[in-house]
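This report concerns only the one structure given below.
Labels run A, B, C and D following the written order; every chain starts at residue 1.
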Amino acid sequence: MEISLKYLPGGRAAASGNMMAQSDLDLKETALKEDLKFYFMNPCEKYRARRQIPWKLALQILKILMVTTQLIFFGLSNQLVVSFKEENTIAFKHLFLKGYSGSDEDDYSCSIYTQQDAYDSIFYVINQYKQLKNISLGTLAYEHEGSGLKICKQQYKKGTMLPSNDTLNIDVSTETECIFFKPQELAGKKAELKLNSSFFNLEFYRLIQVEISFKLKGIALQTIHARELPDCYAFQNTITFNNRAHSGKIKIYFDSDTDIQECKDWHIFGSVLQKNTQYILVFDGFVILSCFSSLILCTRSIVLALRLQKRFVNFFLEKYKRHVCHADRLEFINGWYVLVIISDVMTIIGSILKMEIKAKNLTSYDVCSILLGTSTLFVWVGVIRYLGYFQTYNVLILTMQASLPKVLRFCCCAGMIYLGYTFCGWIVLGPYHEKKYQQSGFPVTDLHEFLKDHGSVGYRKEQTSMPFICCCRRQQSDDNLILIN
Amino acid sequence: MEISLKYLPGGRAAASGNMMAQSDLDLKETALKEDLKFYFMNPCEKYRARRQIPWKLALQILKILMVTTQLIFFGLSNQLVVSFKEENTIAFKHLFLKGYSGSDEDDYSCSIYTQQDAYDSIFYVINQYKQLKNISLGTLAYEHEGSGLKICKQQYKKGTMLPSNDTLNIDVSTETECIFFKPQELAGKKAELKLNSSFFNLEFYRLIQVEISFKLKGIALQTIHARELPDCYAFQNTITFNNRAHSGKIKIYFDSDTDIQECKDWHIFGSVLQKNTQYILVFDGFVILSCFSSLILCTRSIVLALRLQKRFVNFFLEKYKRHVCHADRLEFINGWYVLVIISDVMTIIGSILKMEIKAKNLTSYDVCSILLGTSTLFVWVGVIRYLGYFQTYNVLILTMQASLPKVLRFCCCAGMIYLGYTFCGWIVLGPYHEKKYQQSGFPVTDLHEFLKDHGSVGYRKEQTSMPFICCCRRQQSDDNLILIN
Amino acid sequence: MEISLKYLPGGRAAASGNMMAQSDLDLKETALKEDLKFYFMNPCEKYRARRQIPWKLALQILKILMVTTQLIFFGLSNQLVVSFKEENTIAFKHLFLKGYSGSDEDDYSCSIYTQQDAYDSIFYVINQYKQLKNISLGTLAYEHEGSGLKICKQQYKKGTMLPSNDTLNIDVSTETECIFFKPQELAGKKAELKLNSSFFNLEFYRLIQVEISFKLKGIALQTIHARELPDCYAFQNTITFNNRAHSGKIKIYFDSDTDIQECKDWHIFGSVLQKNTQYILVFDGFVILSCFSSLILCTRSIVLALRLQKRFVNFFLEKYKRHVCHADRLEFINGWYVLVIISDVMTIIGSILKMEIKAKNLTSYDVCSILLGTSTLFVWVGVIRYLGYFQTYNVLILTMQASLPKVLRFCCCAGMIYLGYTFCGWIVLGPYHEKKYQQSGFPVTDLHEFLKDHGSVGYRKEQTSMPFICCCRRQQSDDNLILIN
Amino acid sequence: MEISLKYLPGGRAAASGNMMAQSDLDLKETALKEDLKFYFMNPCEKYRARRQIPWKLALQILKILMVTTQLIFFGLSNQLVVSFKEENTIAFKHLFLKGYSGSDEDDYSCSIYTQQDAYDSIFYVINQYKQLKNISLGTLAYEHEGSGLKICKQQYKKGTMLPSNDTLNIDVSTETECIFFKPQELAGKKAELKLNSSFFNLEFYRLIQVEISFKLKGIALQTIHARELPDCYAFQNTITFNNRAHSGKIKIYFDSDTDIQECKDWHIFGSVLQKNTQYILVFDGFVILSCFSSLILCTRSIVLALRLQKRFVNFFLEKYKRHVCHADRLEFINGWYVLVIISDVMTIIGSILKMEIKAKNLTSYDVCSILLGTSTLFVWVGVIRYLGYFQTYNVLILTMQASLPKVLRFCCCAGMIYLGYTFCGWIVLGPYHEKKYQQSGFPVTDLHEFLKDHGSVGYRKEQTSMPFICCCRRQQSDDNLILIN
């Protein structure tokens, strides 16, 4: 950071021209030198020099604590919601899928291989749906207005297929037939009639898929323990019997779309739920406040820096009739401040989202997670900056900075080979041993490591010889000496 | 690449002999120097020097895009075929193997340990085959002409064995008995008679294996989604009850040979399948075209290079009465061009194969995959060459080039120890803990890594001292100075 | 270690002042020099110089043997106790949990999804408890005074919940109902009445958890093989049906608290159990004795070193009017002795605990394990010190010492990024894919390794340039030369 | 290898003393110089110098081929035997263990938790043994003379145990009761009486173990495929119900001791089995022959080397009145020859054992495997020597040689910490999480890698400074110059 000082030659270096301008310039130079020196100081030195209390530093430390606390609270309440959804999905799979083993195969839940199994699985769903109230352990209910259970089968239009003759006579356009069961009529005669209808005579050779969908409602009482209001959930479950491949194996997919709604009509006795929520809202407010002040302080710093830069550029032009090169201009913009500003903006937006979620106006947990998570990452990474003030750590950080472009360049080079290799591996090995290839991936990593090991010899060698100094800086290295003297 | 210029001494170096020949030689030398300089330029420099537009470079970039696109399309359609085959095999295993767990043990599908299980498993296959139409979810049928189900048992000729006396009386020559069930007669009386015949009284002490084989036909409708014609498949299934070891454990193997045939007689309504296929054929044509032009351009470059090389060799002989050494001659042949030519030839052959496969004339997916995959790998690796034009990358690439022979040499040395170690490990540990040894392989990798770690100390040390320069080049290093001056 | 000698200049360095004091100082200096030289010698040199037999060294070697032997004996007897507890827990799970698969899911033992399963599981526990004597293979019995089986259900107070209307009417305060079954009355009519009571009509929508707890007693005869007295165990088992989440999945936890008690009343014939225990107690005594003498010898060494340090400081102050810097003072305190003292104290406390455990007065196996284990680790690490006496090893050890602060500094820096990364990863990826994230953890390690690889470039570079020498030492380096001359 | 030449000064170096002796010495010196030069040549140079054909080299290459071929044949035949044994054991487990899952738990096959299961499992074994002929798929039979099935129960002598009172009254001495079932009487009334006897009223509280043992005979027909004689096997099976821990869990161990015997009385028709065996015996003979000649050649080389060494030592003593140091004497003994000799001796013994095994006189497969495997490892490692003749490889090999002592020294140092760490880890973490600790072992490897990474900095640094040259060699380095001149 002290490098920029090099542009300012000592007084002895220039002693000609008219005295007035010269002395004016000298005064300007001295002032500028002072300001530059101060600008590139670290908080400790600033405090020693002008007794300036490091507000920004204190604020950052406060922010780390607050942001991390907020993140942990949000993460915990988020985890409750996610685990409730997941456990419900698992419970649904156990209730509605016949012979579900407890864990999914690949991306589908289970698979069947005989016609009998197909019919059994479909009727099992209907039956379990009928008895739901007496079976389920959860606080579930059919949807009120309720379209009930909807079974749709999609198939190619009538055709004939005689594989033994290699003869095929099919209409490629598909048709979709549906049948509905209302919860209230499921036990009655009407349902029986429907079950015996021709709809359930599946012609597997032209069947594409059977889709059973129904909607259930539930209440998550779990949040009461955390002294928050309970949420009302709507589960849109879809069970798909996928015969698209016509390979003799029907894959059964279970899909549960969960929708969080505010409970319309709730009466809760015996405890004070509301207060806790309010405390959290107040805390969120404080986080926003601290981030906002940090944002302002950092923006101010950057504005001041840009003004200083302008002064420096002008002075330089005036005195040496030369433009300051681009790299040296960039030196004035403190990357850490930019990081802090980005992080602050993200925290503020994230906190507002979080408050809206708490107030049950929004359910965009994902966006909020990403915003808060990323901002916390940035805040913690920002700590490294303060470590850089200690000399021994600084070496470490500068080295990491210096090695970055080489690492990227190497990655770029290896990436090319890797891409080619991946395409080649995918087509040659891939489709035949799909799973193994993905799991082990051993040839890929082998090559990758090989490159890393032996390529690294390369950039270790150049370590000393390669000039990492910006070109325009080297030209001016004589002035450098003048200034230091 | 500039090294070869060293052979050409500056004009001042030789100023004797008759003036005519000398000036002629001087002219020749100047022209040759010019040509050599131009030849070893990279595209950017060439453009700056003679405004030569880098067609080859543009073509290579176009080729990367086209070849990769083609590969992805081929890979996707290939994956459909492979997954259809695999899913059918899994479905067959579930249908025909009694007590199949869903995943294979070792290389066989399942194993049985009692006589009752053996009989049950065999009759289960016959029974499932009989009911196939009512069980299977796939579009399967018995083969038309149909040899039906064929059960063969292979056994040693009559003998007696009394293990309790250590007495053995056996005829080593084997006999094979077979029985056939036609699909149409399976339900009738004839089949029942056959099932009660003495054929099914297995004498396990002399039984070697029972083999049940049958042929099924199927149609893959899946391709219709991709707007391609459906394929007709013939599955030759073989279930083998292997008692070869007489160890009290019969291993059941399931083997399904799949044959893709053109459907003889198809009528498909409601969609335009053909067009899509035609688009792909046109695209393949373009790929072939671009590869062909790249092939011609690169061949031309190599021919020109060889001509230049000849001129240079002659000139050198004329002026210095000395032969140019082998290594310097090789400098003229650009390895990258050779790579491009190989890649182009492979792409062209691969694309033609692909078109034939699309037109259902060929089914050699494997050969085509290997050709297209390898050529794509080469094309992507070729990108590294263009990275070599940037100076910073060049260091990386040269280092990788330099370290290659050392790495190979080390591998050769370690390979010897590894081979000995493998043989020793196999015989000492192998047969007793076969599976564990193969899975973990920990002693092998330990040694391997040990060697890598400590052996690498070796070649890191020599890094500076070892002369990588070809011997003949060093001898002439004085001329080098002359030329540069 | 010889560095400290530098403070003592040769006679020529100071030749002024009154002669008496000078010669007195000279005498003092010579004596101090001698003592310092001797102090920083290693045992071999000490033996050569003054024929001082290395008692401490011999004692340390004896201690390694004794401490390790003691540890192994303790570990083996400990393992018996632990495995007995674990096997009992597994046996209980198989006996009392219906459908227990043999291994736990996550942190709970098994899970149920239907109301029928819930009732079945509860009655299964009661039934198995009733028949325990006829079922269990272990030497178990109901507790004598015996509260028997206690079933408690915790639920929200009466309310209504209509998920289909999003209507909720609940009293958040919980109520707990309990029912008891005495072992002796379980077969009678009273138990039947209880089983039919309304207690077992669970209203799952407001049920929080059902807890079944009972106490069993057992005797571990296993220790008889080791010729030790058998222990009497009390198992407090608790089976919890956790419906806290109301997600349709009840998790069943099995918890077994084991309490080891002295058997009140035992009569064992046919063998001599006591003696063996006594031998072990005697051995423990010897260990304590040897540790105690080692402790005294090391404390004495440190006291002597501190006295020498004081003499040196005084002499230095007298002669050079300068204070010895802190780092050089620390040089006198031998870190290894401190390690030995800590290790000795731990061994003594650990051994006393072990004797108390053997005498069945204490059961704090954990504390004792940690004490004995850590002390053994220290004793073995202490061996490195003796390796340091060999010159070739010394290089190794010094390097390890030198690199430690750098490694720690790097860890600190990486830790910051890692912390931020962990928080970010937890919130963004965590809750959605909880298990996968924890199992694979691949992004975390990737970053970690990246840092390790490229950060290490940093501290490898500074290796030569960074001054590891304490500042005050460098100032005095001239004196150093004088002394050596 | 050229270093030893240094002892021989050039003719100019010594030109005084009486001329006769001098010229005699000169002649001697010239001859010795010649012989030494020739001795330290590699085969290529020897061939060039004296046209000596490299018989030893040719023989080694032949030996690699032969020994490897022999090893592979032996490995394959060995694998047949081992897999037959293993498959039989698995089959027995499926036949005799009730509820065997197909894979062992830990070191036992399965475990039971209730009294009913214990009785069922025992009677299941008896029942399966009775029906063996009708169940088993293998060629098994009861042993002829036949002790039949033997059931033994071991238990503490009568006592009382009241865990509820913590009261214990037991006789530690054990008693063993046995019962026998002859195969021929198993179906009769006598067996039924026995089954109802009081023997089968197990008192689990004092039961230590139940052991069921029986002997079966079988014939391995598999070898017939390899045109070898079939083997007769005797399986001594033992099923142990281990209740030693009295923890409520009985572990069932299955143990099968296999004994290979020559079949007493065999008549095999239809094929020529013997011949193949003879071919293999002849091949083994050739291997022995080639190893023997290699052994003789190498021994001769070593004897010649020792003679040359003696001549050199004498000459040196005569001329310089100085003893040759030990390290230089060792230079004469070629380590590779020693390796070849060891390998040859092992191959010869191994081959003889193999021939005996083939002739069914011996069954010590293990010893033979180790001998042949190790010798093959040595032969392959020996190839490295020939690679050392190429200059570029030599650098590699020398580096590996040089780094070995450092690596060992480091291992020694790390081993100390590792040992302490292991003891500490075992006692603190071990018994409580026994399996996890052994499987992952992550803390151990972490430390280990940490040491490797940072310790390695140590010995990389000294690389240049540490003198690897033997001390006595350095003293004489002046003579060295003389000789070279």
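Criterion: contacts are C-beta pairs under 8 Å (C-beta built on N, C-alpha and C of every residue); 3 or more make two chains touch, one makes a residue touch a chain.
Computed from a predicted model, the values in this text were never measured in an experiment.
Engineer: Between chain D and chain B, is it the same set of residue numbers doing the touching on each side, over half shared, or a different set?
Structural biologist: Different-residue interface.
Engineer: Suppose chain centres are the mean of their C-alpha atoms. Which chain sits farthest from chain B?
Structural biologist: The chain lying farthest from chain B is C.
Engineer: Counting in whole Å, what is the centre-to-centre distance of chain A and chain D, each centre being its mean C-alpha position?
Structural biologist: Taking the average C-alpha coordinate of chain A and of chain D, the gap between them is 54 Å.
Engineer: Using the average of all C-alpha atoms in each chain as its centre, how far is it in Å between chain A and chain C?
Structural biologist: 38
Engineer: For chain A, give me the residues that contact two or more of the other chains.
Structural biologist: As it turns out, chain A has no residue touching two or more other chains.
Engineer: What are the touching chain pairs in this one?
Structural biologist: Contacting pairs: A-B, A-C, B-D, C-D.
Engineer: Quick check on the complex: what are the chain C residues that touch chain D?
Structural biologist: These residues of chain C touch chain D: 68, 71-72, 74-75, 78-79, 82-84, 87-88, 90-92, 94-95, 134-144, 146, 216-222, 224-225, 230, 232, 261-271, 273, 369-370, 372-374, 376-381, 383-384, 387, 392-393, 395-400, 403, 407, 460, 463.
Engineer: Mind listing the chain A positions that touch chain B in their complex?
Structural biologist: Going by the criterion above, the answer is residues 112-116, 118, 156-157, 161-173, 204-205, 243-250, 409-410, 412-413, 416-417, 419-421, 423-428, 430-432, 434, 451, 454-455, 457-459, 461-462, 466.
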